[in-house]
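By letter and in written order, the chains are A, B, C and D; residue numbering begins at 1 in each of them.
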Amino acid sequence: MPAGLNRALLTLAGAVVAIVLAIAVCSVAIVAAGGDPLHALTAFFDFGASERAQSNSVATLFNRAVPLFIAGLAVAVGFRMNLFNIGVEGQYRIAAICAAYVGSTFVAPAPIQIAVIIIVAMVAGGLYALIPAIMKVTRGVNEVIATIMLNYIALNITAYLVRGPFAGTRAEGELTVSTPPLPDSGMFPDLNFLFGWFGMLAPTREGGLWGFLVVAIVLGVVLWVVLERTRFGFDVKASGLNQSAALAAGVNPKRMVIAAMVLSGAIAGLIGLPEILGSTGSFGTTFTSGLGFLGIAVALLGRNKPVGIAVAALLFAFLDRAQGALQFANIPPSVVEIIQGAIVLLVVVANEVTNRFALRLEERRAARQLKVTA
Amino acid sequence: MTRIGKYHLALIGVAALLLLMSLVRVVTGQNDITSSGTFSAALTLAVPLALVGLGGLWAERAGVVNIGLEGMMVLGTWFAGWAGYQWGPVAALVAGLLGGALGGLLHAIATVSFGVDHIISGVAINLLGPGVTRFLSEVLYREGTAAAEAGGAITTSPPISPPAPERSLPLLSDGPDLLGRLESTHWFLLSDVAGILRGLTHNVNVLVILAVLLLPLTFYVLWRTPFGLRLRSVGENPWAAESLGVNVYRIKYIAVMISGAFAGLGGVFLVFVSTKYVEGQTQGRGFIGLAAMIFGNWRPGGLAVGAGLFGYADGLQLRSSGAITSVLLFGALLLLGYLVMQARKLMSSELDARTARQYTVMAFAALGMIVLFWLWLTVDRLPDELVNITPHVLTLLVLLVASQRLRMPKADGVTYRRGEQH
Amino acid sequence: ACGGGGGSTATDEPAGGASSPASGLKVGLAFDVGGRGDKSFNDAAYAGLEKAKTDLGAEIKELSPAADGSNRGDLLRQLADAGYNPIIGVGFAYAEDVKAAAAEYPDIEFAIVDSASSAPNVTGLLFAEEQGSYLAGVAAAAKSESGHVGFVGGVENDLIRKFEAGFDAGVKSVKADAKIDVTYLTPDGDFSGFQAPDKGKIAAEKMFQDGADIVYHAAGDSGLGVFQAAAAAGKKAIGVDSDQRQTVTETNLQSVIMTSMLKRVDVGVFEFIKAFQGGAKGGQDVTYDLKVDGVGLATTGGEIDDIKDQLDKAKQDIVNGTIKVPSQPES
Amino acid sequence: MSADTLATARPAVELEGITKRFPGVVANHDIRITVRPGTVHAIVGENGAGKSTLMKILYGMQRPDEGTIKVNGEQMAFRTPSDAIAAGIGMVHQHFMLADNFTVLENIVLGAEPRKGLRLDTAAARRRITELAATHGLRVDPDRLVEDLGVGDRQRVEILKVLYRGARILILDEPTAVLVPQEVEELFQNLRELKSEGLTVIFISHKLDEVLDIADEITVIRRGTTVASVDPREVTARRLAELMVGSELPTPETRESTVTDTVALKVAGLTMEAGGHRPVPKGTSVRLYADKLRQDGKRLLLDDVSFEIHKGEILGIAGVEGNGQSELIEAIMGIRQAHGSVELDGRDISSWSTLRRRESGIGYIPEDRHRQGLLLEASLWENRVLGHQTRRPARKGPWIDRKAAKADTERIIGEYDVRTPGVETLALALSGGNQQKLIVGREMSGEPSFLIAAHPTRGVDVGAQAAIWDHLRDARAAGLAVLLISADLDELIGLSDTIQVIYRGRLVAALDPSDITPERLGGYMTGAIAGTEEE
C-alpha cells in the first residue's frame, strides 16, 4: 500500500539522518578527548588484518547480535501491550541456569538434548515472568516495581544455585564456579560452513558462528507471524493501542496480561542459550549479564517490530564489537556507549518527526479524496 | 474517614510496629533490629532512594515518566566528585545538582519538545549517563593529569576535600550521649525507642538533614502553592491547563529538570558518604527509587515510607544476617495479629456475611504463620544470597498485602502537543 | 578481581612500533572488568607491564573488556591477531577464554593471573593470597586488644574466600578464641560489591560497634568505606592488593591502615615476561607465595614493626611447610 | 447604562477575513463576524464547519493564517489563551476541560491563583467563588472533586472558571450538548443574567430551537466560511438548517410499530454498587443484599433495573448523563460486573464473558467512540475486525483473514457512505461523523439479534444523522432489538417504541413516545416529575 510504503521510506530516511547525527555527536566527544574521529570511524570498520581475524570478527558480530535480538523480541512482546517488562534481565538469568543444569544431568541424542534444554529455558523464563503477571492481575501490583525487585532476586538466587545445588566440579586452582558442563550432544552445531560460501576462512574462535542464530531467525519469523497475522496478535495490538476499546471488543485484559508476560518471559529464557550452547557449555561466573536492559533499548530502537529489532541488534553488536579495535586506535571505548545512547535517542526523535510528517501526508490525501467525493 | 482519623490510625500503627519490633528483639536477642547502628545505616541507605524517588515524583506529577533517573543519578555522582575534589563539598553539591539537571534537560527536550516516548528517552539516558561519565573519567582522570596526582583514577575521582560535615543532637546523641546510654541498657521498648532516635540523630550528614527537609518541602510546593497546582494540573489534564493560560511546556521543562536535579542530589549524597566518586556506586538505585515512588502512590509521604522500608531492610541484612532470620518471627507474629482480628470480625458479623473466600484466606494465613514459626525455630543461618534479597522480597510482600489503590497522574506518560487535545 | 564499568584508557600513545626499542618483544595484556585505574589489582598488573616496557624494551598494549565482560575472549584474539606475544589475561575470569585462545593460537604464549595453567602454552600465575592473609591475620590478632577482628569481602567468590580463609587461620593461630566477624557485600556474579564504599562502611561500622578493633578488607573500592569506618571509630584496618597506606590519598585514612596484604601481581607479570624473553615455555603454574615474596605485608607507617619477629616466625613456618594454610574457609 | 452607550459605539468582537488551514483542510476561510457587546451571538454550522476552530483562534489557542481580530475596537494578536484572557475573553470548550481529581476550587483558580505570600490562598478563593456563584445563580460546592460531579455541575464549573477571570466576553462551544431541557433553561437564565450585566456571549449549538430561543444574532458557517448573518426573530429552524446544509432538516418521525412478542433481551434485578463489585454472600438473595447496601447508605450505580426488549423493538433509555446509563450498558456487555440476571433469547448470559456475549449476537455502539469504539492509530479494516476478531469474515482458524476483512470493510464503506480514501487509512484521519458511520456499519454486520446504541449520532452532522437513523429503522424492521441511549431527546422520542427513564440508577418511569414532549421527558429525567407508570 502506498501510504505504508511512504511511511516506511520516511522512517528509513529519518533513521539514517539520526545515525549520522549520533556519529557527529561522538566525533565532537572524540575530538574533545584529543582523538581523531576518522581513526574511530575506521576502527569501527577495522575487522582485523588477517583473513582469519576478519572471519573471527564477523562471527563475533553475529554472536553478539543473536542474544541482543532475542532480548529485544522478549521486551517487545510486553511493550506492544504497554506492559513494561523490565524483568527480562532476571528471567533470562533464571532460565539460563535451569536450562544449563538440567541439560547437564542427562545425555540424549543431540536433537532431543537441545530441544529439552530449550524447552526448560522457555518454561523457566515463562514461570518467572508469571510471578509479576499474577501479582498484577490479582493484586494490581505495578509490573515495573515487581520486575525491578525480581531482577535482584533472580541475581541472588542464581548466585546461590551456581555455588550450591547446581555447582559443578572444578579443576584444581580454578576460581570460577559454574554448573556441570553440558554433554557434547547438548552443544549446538556451529554455522562456520557459511563462511565458505563467501570465500572466507572459517572462524577459528571457540564455538565459531553460533548455530543458535538459526533458532533466533525462526523465532523472529514465528513471532512476526503471531503478532501480525493471528487473532492473538490482534488482541495484543488492540490491548496496546486502546485498552478500553479492546475490553469492549471482548478481549480479556487479565488473560492478555498473563499471556503476554509469560510469552515475553519464555522468549527471554532463550537469551542466555546462544552463549551456553554455543561455547561455554555451562552457566557460570562469566555468564554475560545486562542483556535484558540492552534488550529494552534494542526493542525500542526497533519499534517493537521483529525486523526493526533485528536491525537494531546488528547495529548494537556492530558497535560493541569495536570495543577492542577502538582501544588499538587509542580511542576511549566508552564512546560506544555514548553512540548507542545517542542513536537510540536520535532515532526515536527522527521517528517522531517523520511520523508526524507521514500523518500530515495521510490527512492531506484523505482530505483531497474528500474534496473529490464531496 | 477524616484526616484526623487517618493521622491517629497511623500513630497507632507505628506504636504497634514499635512494640512488635522490640518484642521480637527481646525474644530473639537480636539487638540490631532496633539498634542505633541499624537505623543510621537505614538512613544512609534510604536517603538516596528518597531523593531519587522525589525526582521521579516531580517529573511524573507533571506527566513525564522518568525511567532515566539512574542515568541522571550517575551524572550527579560524577560531577559531584569532579567538582568536589577541586572546590569542596558545596561545589560538589551544586555540580551534582546541575549534572542531574542536565540529564533532566535532555529528557525534557526529547519528551516535551519532540514528543518521544518517555520510556525510550529514559532508557537512552540510562545508556548515556554511564557512557559519558566513563568517557569523562578516561579523559580527565588518566594518569599524568592533575586529578591522577590528587589520587584520582579512571574508576574513582580524587577524594572531595574537606569531606561534608556531620551533625549530632547535642547531649542526647552526642557528648553525654544519653540516648546511647539508654540504648545500651537493652530495656524493653525504651531502649528500642532510644536506639531508633539515636540512629536518626547521631553523626548525620548535613545532606541527610537537607534531604529529609526536602520531603515536606516538596509536599508544600506541590500541594500548597500556585506553582504546585499548575504543575500537578499539567500532569492531570494539560489541555485544561493550557486553556487557562498555563504554559504547559515551560512547567514540564522545569519539573523534569528539577526531577533530574533531585536524582543528581541523590548521587551527591552517595559521593559524600564515600567521600569520592566511585564508578558504579549508584548500584541501580535509580530504579529502586522509582519503585519507592510508585510504592508511595506518587506522594512524598508514601515515598518516604517506601524508601525507609527498603533502607531499613538493606541496612539490617548488611549488618547482621542473624537478625534477618528473626524477620521470620516478625512475619509470623504479624500473621497471628491478622488472624486474631479476622476471627473477632467473624464472631461479631452475622452468619450470612461469611464467605468461603474469607475462610480460605484465613487458612492460608494460619499455614503461613506456622511455616514461618517453624523456619524461625529450625533455620539458624540463611545463606547470604537469600539474606541479600530481604529488602526486595519485603517490598514485594508489602505491595501484595497493601491495598492497591494507586492513582498515577491521569496524563502521566501522555505526550502533549499544543492545540491538539483528544 | 575488582568490578567496574567497561572500557580502558588510551595510554602510551608513542608506543607505536616506531618509538619502541628493537627488542621486538610485543606484550599484550587484557584487564579484568574495571580495567585500568582501579588503584589495585589491574593497576598492579599494568605496573608489571610498564616495567617490562622500560627494563626489557617491550612494546606493550593493554585492553579492557566491556562492562559485562562479554568480549574477554575476543580481546585476547585481537591481541594475538595483532601479533602480540606473549599475552596476559588478568583475573580468574579469563580462565575459559585463555584456555580457548591458547588452543586457537598454539604458537603464542599466554599467561593468566589467578588461575591455573590449562594448556602447554599457558602459564598460570597463582598467588598465595591465603598465605599473605594468614600474616594479616597474625598481625591483626597480635595487635587486637579486644580479641575481636573482622573481615569484609567485596564479592563472595572463591578468590575472596581465599583471603578470608587465610586471615581466619592466621588470627586463630595467635588467639584460638578470637572472634572474627565476616561480611560479604554482594553474592558471586554481582561485582557491584567492589564498588560500594557506603556498604563497606556500614558493614565495618557494625563490626567496630560490636567491639572489633581491626578489620581486614578484600573489597576493592568498597574498602574505602572500611577505612572510613575505622577512622570514625578510632580503630584500625588492613588494606589489600597494593600498599594502600600509600595509594590512599586521604591523610586521615592513611593513619588507620595498619598494614596491607600485598599481592605482587606486578612482580608476577614482569617475571613472566622476563622468563618468556629467556625462552621459557608455559604449561605449568608459577605460584607467587611468601617464599618468593609474591605476597606479604606492607610495613609503611611502621605500625607492625613491633611484631616483626612474630610475623617472620609465621612466615618461616609457612615457607618451610610446618604450617599449611587452608585456601577455603571451613563451613 | 454607560456600558450600553459604549457598546453601541464599538463592537465587542470583530473578526475580519479569518482563514485557518490545517493539513488538507481549510477549517476557516475568510470568516467575518461582528459581535455587538451585551448580546448573545449564536454561531451555527454542521460538524467540521469550523466553529470550534474559529473560537479557538479567538481564544488564542490557535493562530489564524490570515485575518485580524479586534476586541472592543482594538486589534489583537493573541499568542496564547492567557493573552485572550487578559483581553477579557473566556471560553467554555466543546469537550470539558477539567482535571477530574482536582476540587472544583482548584479547577477554577488554576492559572489565576490568589496568593498569600508563596501560598495558594484557598480561603480567599473560596470566598470569591461562593460570591460569584451567588451573584450569577451558579450553585457549586468548591471543595468537591470534579470526578464526583454531574455534567450540569461541570458545565457550571466551566462557566465559573471564565467568570472568575473577570471575562466580559464568553465563548460557549456546544454547552447544551449534554444538558437536559431543564438544565438548558437554567443555563439560559444564567446567560440572560450575564447579558443584563453587559457581558457578551458567543454561543455555539447544533440545536437550532435553542439558538432561536437565546440568540440576539445568528451567524451561519458552512464549509468554513460565513454564509449568512440572520436575526432570530425573522428566521425559522428549517430556514436555518437549510442555510447550514442547503438541505431539509430530517427529523426521526415514528413509524408503524414492528414490535413482535418474542423477547430478545430480558434484564432482571440488575444491581451495581459503587466502589467495586463484591459477590453476594452465600444464603442471601440479590434483593436482600441490595436492601442491606441501601440501609448501609451505600450508593447504588444500578438499583434493581429490570426490563424486556422484544424483537423489532427499540427501547429508549432517557436520563441525564451519569445516572447509570454507562453502567447499564457495560453490565449488559459484561464489561462491568453486576448482580442480577441478563437473558438473551431466553439464555441466561449473566456469567458469560464480553466476547461470548458479542459472539452470541450483541452489537455495541459505544457512547465514546474514541475511548471504546476505535483503534485510532490502526487502519479502518483493523477497526472492522475489532469486536469481531473471533467471527467470520474476520477470522479463519487462528488467523485473521485480512482479505475477507478488507473486503467487508469496503462493503461498509459503500453501504454507510464512509468518506475515506481506502481501507488502509488510519481511523484518526476520519472526521468524527465518518468514524461513527464506520462503527455503526461494523456493529450492524453479522446480523446481531440485539444492538446497544449509545448516542449513535453524537457529534455527527445532520446528513450522517439521517443515514444512521435509516439504518437503525431498517434493522429494527428486520427484527433487531435495540437499546437506544441518547441525550438528543428528539432522536430518542423519534426512534423509540418505548421509553424508560433512568434516574439515580433506577428505572423511574416507562413512557409512550407517541404522547410525550421533550420538556415532560426532561421533567422525569431530572426527577422533577415523580415516576408514574403509563402503558
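Convention: contacts are C-beta pairs under 8 Å (C-beta built on N, C-alpha and C of every residue); 3 or more make two chains touch, one makes a residue touch a chain.
A quick map from chain label to UniProt name: A, B = ABC transporter permease; D = ABC transporter ATP-binding protein.
For clarity, every value in this text was computed on a predicted model and none was experimentally measured.
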- Note on the structure: A correct list of chains touching both chain B and chain D reads A
- How big is the gap, in whole Å, between where the Cα atoms of chain A centre and where those of chain D centre? 46
- Chain centres from averaged Cα atoms put chain A and chain C apart, in whole Å, by 35
- Query: If you average the CA atoms of chain A and of chain B, how many Å lie between those two points?
  - Reply: 31
- Message: Which positions in chain C are in touch with at least two other chains?
- Response: 5-10, 67, 156, 187
- For chain A, residue numbers touching 2 or more other chains are 156, 159-160, 163, 332, 334, 336-337
- Note on the structure: So the touching chain pairs work out to A-B, A-C, A-D, B-C, B-D
- Once bound in the complex, which stretches of chain D touch chain A? 22-25, 333, 335, 353-359, 364, 366, 371-378, 382, 385-387, 389-390, 395, 398-400, 402, 419-422, 424-426, 428-430
- Item | Of all residues in chain A, those that touch chain D in their complex | 1, 3-4, 229-235, 237-238, 241-242, 244-252, 359-360, 362-370, 373-374
- Message: So in the complex, the part of chain B that touches chain A is made up of which residues?
- Response: 106, 110, 114-117, 119-121, 123-128, 130-132, 134-135, 138-139, 284, 287-288, 290-291, 294-295, 383, 385-386, 388-389, 392-393, 395-396, 399-400, 404, 406
- Query: For chain A, which residues count as touching chain B in their complex?
  - Reply: 29, 32-34, 84, 86, 135, 139-142, 144-146, 148-150, 152-153, 156-157, 159-160, 163-164, 293, 296-297, 300, 332, 334-338, 340-342, 344-345, 348-349, 352-353
- Message: List the residues on chain B that touch chain D in their complex, please.
- Response: 224-226, 228-230, 232-233, 236-237, 239-247, 351-357, 407, 410, 418-419, 421-422
